[in-house]
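Both complexes shown next keep chain A, but they swap its partner, so chain B is in the first and chain C is in the second.
And then the complex of A and B:
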């Protein structure tokens, strides 16, 4: 056998598993650390031992207090050695051990000696170590040296002092602020990184002084900052200044924009990108301002470096949310990124394209995405599915190809979350686009033929039960549903039985056939399935003849359970089997916690991959359920609209209260969601006293107090008003929270028996015209407009006075009317002098309303508007004009 | 937005995702378990990608991670979701090249572990408490590799001893095989 010629390679193969730390043990290494105490130090050996100790710490090993102290004292002995390499290891080791205050004293003198040493490396590192472990008292002693170090001619030393200053500013701001003269000098340093560190520190010292920051920025933007990193910092400070001065600078060019634009021609990519990003994030950026930034980002899109492509596509993705038109120029480059090796980049490119795409490009895009979908991970697929869903809602005419795409990917391999996202999307599309219903339902039927997720199967069966009977040919779904009874597990079988029964109840002609099928289910081997079948056969009645189903049976089958499931669960758990049967009426109907009104987390805004518009909220159902469970409000009829929660208290007050306005035909109910943020208090009998003296048409008819409001568990109290039926009455209401407060012993959580009555002033609340308008979109505005009677059209012109921008005026009118913008017309292209916005909605009394708004700039800032309204009732058309006229 | 560019962590893992040297500058991962979980997630997410010629990038859990591989060494630099990706990539490149210089071209796990002291010093020179200290690989490597004695030590003598010690070690190892 031939010997390998290359000795070194042979070496490697045999020792593939060799590691200098193989079998290393903490105890043994601590023993080894005794060499630190040798009178004759062996620097090499000591370095090795320190490396081993650091290795252990790095692997997640921890030292006990005693061990750490021992090591620390031993390490301090090593200051005797003059070996630079060893000294460096000592510095790192001391930082890792983070010694306690009394231990710090031991090394202070050694470190101070190093700080004044002639060796630059010693000075720089000693500063960093000492500043890391020191406290305020010691700092005053070394302050003099630090100030010197900041202007040291060795850049490493200066940087060390400056970076330490940045850290120390958090703990000892008053000391660090005294260094600003030296720091200012360092900003002028010729060394790139010193400049960067000095600028960072100087800005932090002055960050609360807006004027000083302003001065700093304007002087530096004129000069030449050498370091790219410092230039990035300057860009960030500049955009901060622009943000803060936005309100004072109404007219003229944006200050410092030229500087940002100039940075787009910098030679360092990080600066170019930083500037481009800063421009795209400017408040109310115009398309003229945006163009140069988009151009450089577009160049990045075809870079060979994945990092540049990612950075650019991520930024453009964000821009596409607000300025889709500005990004369309990059579409060709984006399309080539769909095949990018880096799947993050590809996904961002696709979602950007979906946002900027227009109706005509949808089909081509879908073709490209289909190839792409097969080789990305589920998490990316979910992002794409959500983007497609919003695209479909935007272009309802394209529902056929988009729905086909969804059903295709539904048939492919995928995990639960992914499939759930697809099914949810299809369900939403079926709800919102009536034309898509039949094909969507069939896709879902096909999916459950071969679905491995019980949860999804039952959800779809339930949905089929509700939507299927309303279609033109309900019988075609029966086969799919009955197949489930044969082939699935017990849970799905039971769901299928319920769905069958719903078809039987709703479609009288199908009833006899459903009966036959249900009878077969009586022989199922699962109790639940048999029970359900028996129950439905009896409730449907009529022995399988073609007869109409009674109203109460329908109510039983389709009505929702008006009891919160949590409460039912609790009551069932408390129920002890006895002679007395369980009474469902004994279950409290009050909703204990209110997850709907949860304050929106002030969390991060969704960006990048996570960025996708959430699906339409389905809170209305939940509100309806909640209100109908309260007997006082049960006869108010159908809930027309519930507003979004309006805060009635400032953030971080003792009691947090927000209100939801529920509009009924002849009533208005205010739902006050209250949270008690004081642990030592229990509030009882909480009500809101509403003064409706400024709302003449409203009369209070009922109020429902909240019995008890413990700390940190939200509760609701309601007040109901009567108002003239069908009339959009408006008014102002002032609110006062009244309650009995009881002290709570924080240790036991027991409340005292006696309470004190107290009041708490809340902010005012208004019922406005927009509260009577439901946001309901139309898929084709022009068709809808044409089909409406032109006799009911009302046209008038309004001057809106000086406005900040056209977009602002458009938004103001949309908010005033509370209508749904159609076909993306709420977005005003930058710099346009005129704009047409299409709105649609349903006014109280179920009157469809369409609005066409034409805006034009009249003079520099004055906005004029032409308002054309068509509705099914001319009185409503007039009412809309009145809203605008009085708004 | 964080005004000063901030590095959340720097990781050097092997081809099985095990730690060679890591450094965390942020409290986002308070325990060792949290750190290991993060490393595992980063590793599994990136292991199949080809980050050998150009640095690659990914985003998850609201972090941006840039990474580059050579042999069985996997380099990572993590920043917040709003960080300038190119700055992160510059730090990564500085670390990557500095390690290359320090290991004198033989960049693999074995060599890295044998010179772990240099790698740890290298990390120490790149970032201090999340703030970028230096990104130029030559400067970083230069600062780490200054194995000379300081002015007071008997220079010639020391280096000869060192050389002998190294030679002896290599000899013993090859004899023991």
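And then the complex of A and C:
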């Protein structure tokens, strides 16, 4: 571990060239440590040996248990020496060795003697060492001395005891809590650091007592706190108090705001910054409150100290997420930070600018970023790419320049993660901005011409296979795809063959040419590539003529496998080669959902290529497959919408149940996802008894029980209802989980034969109007609005009555309608008295709907709203008004 | 909590590393991460000019002092500003011990004293003393003068 320091530079004199620890070796140093046992101690020599031991330890070297014990016992002998320098070393050494409980006893008496010594410094150090090595029993013995030490007039002794208290609170909270009075006294100390340490400890002691923390903050904010460090702590505790009392004070008189605002004028930069950050993080902070904080942060942006610049831009970056307008004043300062030497600062500045910039500044910003990208590390580049993606979604009209930027950086050098981030972004933009599709696909094609990452190449080929045939001129992609067959490894070649087949299947005019290309692949030297080529030539049919491809072939090529891969893998493993060929229909289709442990792990939401290439309706696809595999629901027609899971149980209950509402034209299916969290139980025949007495238009038609629900292995049970076709019927359902419970022997995992029937009450469930609306965005709302027939427009005005705020009212209406907010109009700027919100969606029956909401404050809290709806069907426009009127 | 204090020479060899609350198996990762951070960014940086970075929820402030580079890593209350304070205390105390900007040799010559100095400044992840005169006295087991 210890690295000998080698000669570095011949020009330097000999003395500087060699380290005093050159060739240091643990065994030799441990031998040297025997000098600690000499009857005539040589303090200088002993100090040198301790230094060597410390050097070893500081290099990450470890001692075995025996070695450590030996050194520890030897070091304790050094207490005999009166040499002050050596004693100081001994204290450090004992702490570094952290002896075990049975060894500690050897030094306790020496340390306790030092702790009661008249020499202050012996006391301070002995406290630190004792607290490091002590356990509960010893602590009760020395508690009296520690309490005295907290109020010692020597600040070093007091600080030693207080910081010990902070550490001991973790292991022996009851004992430390008894020191409250002394600590309280120390908070009033004139010594700055004692006050800092005392405040930290006192807060930790009282942190669970809200009232006590409130009192502490109230008294200290009135008085003067000496140390800037303590002042920073006080600001943090103050924001905590403000946060917790926020619910009681809706109107402007926020408690302690004046204190925070006063701290912005403190002489220590640390305090100013802490106060500014606390203000920006206040719940529901108003522009008026925010302004002074932003002003000081803006000053810090041009500070000569990098740490202050970093802190300021980091805070402004966070503010930009919630209050982009408030930060725009700092844009000029932030633009100059793009060239900051410290790349962390530059990256934060850029991502902030990307959040606060307006449509007109995009091009200028992109120019600046281009220069910057070449000299930052990949991890920073990824952050920038993600910010650009969000910007592009915010300003879809700017897709051309942003897409160009992404394609340019895609051509430059970079690692896998970085390239993947760019490709993911392009894919997302292609999906969300239809106008960007063709140029985006071409950028991806150019990328795979020179892509070193097999994974990205295959994923892009797959994506091309789905999106490429739907473009205006699919033939232009063929060259890029077929080049892969010549130039790449077998994995990519196989991917390219599949993509070619998809083009052949979807574009009839291309089919003969695709056939020629596929035939050439029959001579590939890889068997997978050859097999795929053979398979596709046979499935496409028509022998290369211009004929329409059969629906079943398309389903084979484009449909996802409707059986879980795990099940397929298991079945294949179990298949024994015989005369009878493997039958894919024998593979079970039931989805075995992930077990509890995996579910709890914070999974990253799949984005870009990681997600299903079919885009947003990927879960709907999965649900559709699942539901159509159940015979009872197979004739319900096309699934219109599946809701997000609604929890029907509290967190951490015995049985966790949530429900997904599946909406069909004439039916509604409730899918209850159940998890049994009791290891000692097996549930069987699990059903949900649904009472639909408050949902008059619904009639239960089918119920599919879950045969068995073992511990930690979720399963589903379904209940289906019939409702009038095409009608957005609403209602309330109460739910009861019914099952047979069997005891499980934890040691063998076997369940008893007999079970008991039991029931478990679940929360109520509602089907609301928003369930009949799909969230589907439009890239250019104005265009979409203008192109929709004005005859189907319905306009009316509504009074929403007194509301908490304008933002709350806007949110309520968005949730009521369940539509997709467009162009970021769901965000209501602070203190505004009017707001326009644009929504889009698809209503049941596949009717496109656009909504323009204009809100205004009428009096202090009353909100009035003008609702304009345009849709492809005037009856739907009327229905939207009805939803609002009855909501 | 101050998670780590690390000194390295100009070639990236570790001179001092002290971790608090960092599991043993993560230390190697941190060591190489910090040394790489220094190698990428410290070239041409003036003495005691602070650089700052954040990695997940952890902050890092680092600088050059003569022939050695110094890194301080912290989280929670020890954010970039608090760490700037900590590194300022450390660099001024080290300069005080060495009498000037340390060469690597000088740093190693004063190794024992530097260990004591660090012990007086940080105790198990908490900043304990900030004044360099007081730290100098504490290392010699002398009471501070100003009380």
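Here is the rule we use: the second predicted complex is superposed on the first by the 765 of 887 C-alpha atoms of A that agree within 3 Å, B and C clash if a C-alpha of one lies under 4 Å from a C-alpha of the other, contacts with A are read in each partner's own complex, and residues count from 1 in each chain.
The criterion applied here is as follows: a contact is a pair of C-beta atoms (placed from the backbone, for glycine too) under 8 Å apart; a residue touches a chain by one contact, two chains touch by 3 or more.
For clarity, every value in this text was computed on a predicted model and none was experimentally measured.
Q: With the two structures laid over each other on chain A, which partner does A:153 touch: chain B (first), chain C (second), both, or neither?
A: Only chain C; A:153 stays clear of chain B.
Q: Check whether A:167 is in contact with chain B, with chain C, with both or with neither, and answer first, second, both or neither.
A: In the superposed model, A:167 contacts both chain B and chain C.
Q: When the two structures are overlaid on chain A, which partner does A:191 contact: first (chain B), second (chain C), both, or neither?
A: Once the two structures are laid over each other on A, A:191 reaches chain C alone.
Q: Is A:23 in contact with chain B, with chain C, with both, or with neither (first, second, both, neither)?
A: In the superposition, A:23 contacts neither chain B nor chain C.
Q: Kindly classify A:118 by the partners it touches after superposition: chain B alone (first), chain C alone (second), both, or neither?
A: A:118: touches chain B, not chain C.
Q: Who does A:39 touch here: chain B (first), chain C (second), both, or neither?
A: A:39 contacts neither chain B nor chain C.
Q: Output check: A:577 vs chain B and chain C. Expected answer is one of first, second, both, neither. What do you get?
A: A:577 sits against neither chain B nor chain C.
Q: Which of the two partners, first being chain B and second being chain C, lies in contact with A:83: first, second, both, or neither?
A: first
Q: Of all the chain A residues, which ones make contact with chain B and with chain C?
A: Correct list for chain A: 15, 18-21, 47-48, 50-51, 54-55, 58-60, 84-85, 87-89, 91-92, 95, 119, 121-122, 128, 132, 156, 159-160, 163, 166-167, 193, 197, 229, 232-233, 236, 269-270, 273-274, 305-308, 310-311, 314, 342, 344.
Q: Applying the document's contact rule, which stretches of chain A touch chain B when the two form their complex?
A: By the definition above, chain A touches chain B via 11-12, 14-15, 18-21, 43-44, 47-48, 50-51, 54-55, 58-60, 62, 82-85, 87-89, 91-92, 95, 118-119, 121-122, 128, 132, 156, 159-160, 163-164, 166-167, 193, 196-197, 200, 203-204, 207, 229, 232-233, 236-237, 240, 269-270, 273-274, 277, 304-308, 310-311, 314, 341-342, 344, 604, 607-610.
Q: Considering only the defined contacts, which chain A positions touch chain C in the complex?
A: Touching chain C from chain A are residues 3, 5, 8, 15-21, 47-48, 50-51, 54-55, 58-60, 84-85, 87-89, 91-92, 95, 119-122, 124-125, 128, 132, 153-156, 159-160, 163, 166-167, 191, 193, 197, 229, 232-233, 236, 269-270, 273-274, 305-308, 310-311, 314, 342-345, 377.
Q: Residues of chain B touching chain A in their complex?
A: Residues of chain B touching chain A: 1, 3-5, 19, 21-22, 32, 35-36, 49-50, 54-60, 62, 66, 81-82, 84-90, 109-110, 113-114, 116-117, 120-121, 124, 128-129, 131-135, 143-144, 146-153, 158, 161-162, 165, 174, 177.
Q: So in the complex, the part of chain C that touches chain A is made up of which residues?
A: Residues 9-11, 13-18, 27-28, 31, 40-41, 49-54, 61, 77, 79-85, 103-105, 108-109, 111-112, 115-116, 119, 123-124, 126-130, 134, 138-144, 147 of chain C touch chain A in their complex.
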